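In the two complexes below, chain A is the common chain; its partner is chain B in one and chain C in the other.
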Partner chain A sequence: MKFRAKMQDVLYMREFQAIVATLAKLAKDCVMILAQERMHFIVNEDHSSTSSPLVWASIAAKDYFPEYKMSPARPDHEFIVLAMSASHLSRSLAVLRSGSTSSVHSCKLKLKMIQFPCISVIASVVSPSSSESREVVHDVPATIIPSSDWAAYVLPKVPRAEIVLGLPSLRLMRSLIDKLKNIAPSLVFHGSAAGELNLVSESDMATITTRFSRLMPYPATKESQQVASCEEASCSVDSRKASAFFGALQLPNEEIIIGIDREHCIYLQLDIRNNVVLHSILPAVCI
Partner chain B sequence: MLTQSQYDDYKFVCRLDHIKTFHAAIKSICFSDFGTLQASEEGLLITVEQGKSIQATIFISPSFFAEYHIQDSQSFSIKINVLAECLSLFGLADCGIKMLYKGEGSPLLILLEPHDDEQVSTECAIKTTNVEEPMEYELDSNSSSLNTIFMRGPDMSNIFHELDKAAEEYELTISPLKPHFKIATLGVMQAESSVEVAKSSDMIILFNCHATTVAQYKSQQIRLTNKALQVATKVAIKTDASGLLEMHFMMQSDAQEEMYVRFFITPLLDIS
Partner chain C sequence: MKCTLEGSNARVLAKAIQSLSKVGKELFIEADGQGLQMRTINATQSAVGSIRFSRAMFDTFQMPPSGDCYCKIAMKSCLGVFRNMKQVEHCELSVVNNSTKFQVKLRCKLETTKQALLSIVDEQNITSAVPTDQSVNCIRGDFKLFMEISNSFIASEEELTLEAKPDSLSAKNYIEGARVNDKFMRSQLKLKPSEFSHYQVAQEAVITFCIKEFRAFLLFAEALNAEMSIEFDDAGSPFLLKIKKHAEIECILILSTLSPDDVSFSEDYCQREIREADLPSVAQKRKSSTPGPTVQQKRRLAENTTVISDEDASVFQFREHRPPRPSEAPSVQPARLLADGDTVDVVEEEADEEALLLAVSEAAQASQAYPPNSTEVYFFETEEAPPTVLPPEKINDAEEEDESIPQSPEREQRHKLRTIFSRCFQNTYVPREPSPNSQVYAPNSDTED
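Entry: the complex of A and B
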């Protein structure tokens, strides 16, 4: 079992750091799935007490890593699956963010066996005061998930949705949902094929409806059972879960795609760039 | 969107282009559950009370609004913190606001439109309840003991900031002789502190005092005026021999239009 990868582009390194930082805000542990072409992360805090939703990120390995070598434990295996602390990984990458004080040449990720398996993060940093580069090394302890347990770590599938809309003002949405979570425990997403999204929050004392109009409709990925073409769909979700996702985002992207699968879930997709995507599913709740 | 003719359905409609000052005023009186809105030809009053000892009222004249329509006089109560939450939905982004009310039993509608994103708008429907008539407090304007001080808001705010925050009681003295205007605090461990402002001070805009008045107030209640004080440009303090304290906080919008928040605070009984 071997894995090594190297990043060199400053922009990509920062993006990678931002993705991991986002995941670290959502959950304590993350699962890293390394495939031949792609690298995936999954966070799923499956305890009843937490309010984090299921989030996963898929990264086209060749985009971020000019050097990317993965050889699984056995030739018939497709993946290496690792579990590790999201915050440890995030902290080990924090050096990639510091732009003005020092510059990072490259960052290597390596699967290593010291006394225990770990992902070694090696950043080569040049301080402004010296011309020599120094290496910042973090060994993040990881647990190797044996192939017999992989069934529990399957990458989630993108759910099909009746209405899919592209929303350009993520920042506004984020602060709005943060406020709405104080008003009611559930939040209704109501979308129409005409490109309108209504967020409805209802409590004993007030009903608050926020309308986002002139959004970009995407083709529906699921036909409604009753009518051939679906005009509108709505779904009610836990407002704290929604707020946890939006509040965790560390990426500068301003557009998010929202899919509504009637009475099942809300699906959120953030296209960081082609082939680098952050997904989340907010399950429906009863009102 | 509502057009002029559709206003017929509504007994009360008002619109503000910028929410900032209004929002600050509402936040400054959010110390109790319910607030009473009274709209008439003279303007809009929003009153909040706690117990029978403190009352705050926002006065907004029709000229403060970009639009103001009223049929008869309308009054109703709402949960004031719900209103404050609604006004803060878009955070610091500047919004235009429209308030509409159809009459008894119907909710207060609030429409918010952020200026920097035309494709987004919010509609809040806040349930209204029957009016709880606010208490009437009044200072006798003909009383020989009526004392009035006008001060600059930021200066007054600084003075209050420096006062002992653990103190239980504040004593206000207004006198034609020195020390003119004095705020003394009495703390739990009998710790005392005081601030004196001479009438010749730059802080004071107007000093009108014939007879000395001294009264004690619960510091907790005085501190409820803090949020209003922080955003006020001018403060008026009035009291008379009865000790009832009337404070006016003037707030100015960017367009220099004014709105007032008035507090009435009853004094502590002098047991000695």
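Entry: the complex of A and C
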């Protein structure tokens, strides 16, 4: 079992760091699935957490890592599956973010065995005070998940949705949902094919509806059986989970795609770039 | 003693106190001919920090007619006085009330005057007997560089290990091969000598020290915007951190380093056996004199029932086998007594205390070495027949040989002696209460204790 990868572009390194930082905000542990072409991260895969949603990210390895070598334990295996502390991983990559004070030449990830398996994050940093680079090494302890347990760590499927809309201004959504979570435990996303989204939060004292109009509609991925032409769909989700997702996002992207599967789930997708996607599923709750 | 400072200098003084407050709970202030010196020592006595301000810092500097003046005040109250220094224009420090109070007068903007009286806890001073200018290895660099090193490690990190080689310096949060916790993230930073303004490593060394005090002084170096230098010899010998600013402010932090034969105590803290070559008896099994909760109950029980097998061994045999407790013991011994197993800089006060304790223990042992007096309790187990009873039986056996009754197998002859509080009579015993400062690394498993 071998794995090594190397990043060199500063922007990609920062983006990678931002993805990991987002995951670290959502859960304590994450699962890293290394495939030949892609790298996946999953947090809360077992739905055990009550306050944060299932989130996974898929990365086109070749984009981020010009050098990417992965050889599984056995030739018939497809993946290397590792479980590790998300905060440790995020902490080890934190050096990539500090762009102004020091510049990072390259960052290597290596699977190593030092008393226990770990992912070594080796960053070569040049500080402004000197010309020579210094090496920062963090060994993030990881647990190798045997292939017999892989069934529990299968990448979730993107659910099909009746209404798919592009959400505007992430910052606005974040502060809005953060406030709405104090009003009621559940939050209703009500979307229409005409590009309208209503966020409804209902308590004994008040009902707060926030209306977004002229959103960009995407083609629905699921045919509705009930109505011939599906015009509207709504789903009520746990507002804490929604808030946790929006609060955790560290990526500068402005646009996020929301899919509403009636009475099933809300699906959120953040396209970081082509082939690099962050997904989340918020399951529906009964009101 | 009375001295006055201008506002900006008073702010530096306040910064110094803030840094020292992160090290120790008491502040020792000393005024002498050269200036004012502030010192502190941490709870485990593994770090001594001292900051000296030369007379040039002060507008006026009056010494008491009697000569040197020193006092000890509580850090917490002192910290409170020097908290908000932005408005301060003038500061006056003096010892008043027949040297029972330390007075701080702060004249602020808008003609406000703040006055604080801090009670002097003691007229005490600490000095360190560590030579401060003989280190083999010396590394000097900008505080920013050391800041970056310190920031590469998480705030809750306890120790930092420096591996100094003539051509590279690496800072780690672990000791190679020591820590085995699989949840622990190991970090290391490798630096090139060219990053430092002065890099002299004559002897390769791997030293481990507490990062907390290091950070406290780093903070002060940042406040002064000064260069910092670290000096050290080898593992186990003191590590020095020096900051100098225009010959007016001189700081030195003496940190103990982990001795090479000690394992990392944060993970592997366990009782250590002080091995001595010629200790014949089982009862003399020694354990580290750490007065801590790690003393195992099980072990104690085992010792209580230990059979002293050889007959001529006296009951209290520590006198003969007592290892010579050298008079210089305080320099080594406190390290064992401290919960963190660190070596310690020799501090007068500590040494005195230690010497006293040792004297007490020696006296206690001396008195025990003589035939037991009435205050000691010991039992002969009654089931165990004393050997003196046996000879008559043997004679009887000889007389009634005809009957040829097979003699029942003789019981193994041995003296079974049980003592109460046997550990108190061992020569490892030092009558010392577990220090309240000692850190508890593991809760006592026996609830009765």
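Heads up, the rule we're going with is that the second predicted complex is superposed on the first by the 281 of 287 C-alpha atoms of A that agree within 3 Å, B and C clash if a C-alpha of one lies under 4 Å from a C-alpha of the other, contacts with A are read in each partner's own complex, and residues count from 1 in each chain.
Note that in this section a contact is a pair of C-beta atoms (placed from the backbone, for glycine too) under 8 Å apart; a residue touches a chain by one contact, two chains touch by 3 or more.
Please read all numbers here as calculations on a predicted model, not as lab measurements.
Aligning the shared chain A places chain B and chain C next to each other free of steric conflict.
With chain A as vertex, the superposed Cα centres of chain B and chain C define an angle of 80 degrees, given in steps of 10. By the touch criterion defined above, A:Phe116 lies against chain C but remains apart from chain B after alignment on the C-alpha atoms of chain A.
In the superposition on chain A, contact is made by A:Ile208 with chain B only, not with chain C. Of the two partner chains placed around the shared chain by superposition, chain C is the only one that A:Val136 touches, whereas chain B remains out of contact. In the superposed model, A:Arg91 makes contact with chain C only, not with chain B. By the touch criterion stated above, A:Gln36 is placed in contact with neither chain B nor chain C. Once the two complexes are laid over each other on the shared chain, residue contacts for A:Leu172 go to chain B alone; chain C is not touched. Of all C-alpha pairs linking chain B and chain C after the chain A fit, the shortest spans 13 Å. Considering their complex, residues 142, 144-145, 148, 152, 154, 180, 182-192, 194-195 of chain C touch chain A. Of all residues in chain A, only 85, 88, 91-92, 95, 102, 114-116, 118, 127, 129-132, 134-141 touch chain C in the complex they form. By the touch rule above, chain A contacts chain B in their complex via residues 169, 172, 175-176, 179-180, 182-183, 203-215.
Within the complex, the chain B residues that touch chain A are 78-79, 82, 85-86, 88-91, 93, 107, 114, 117, 119-127.
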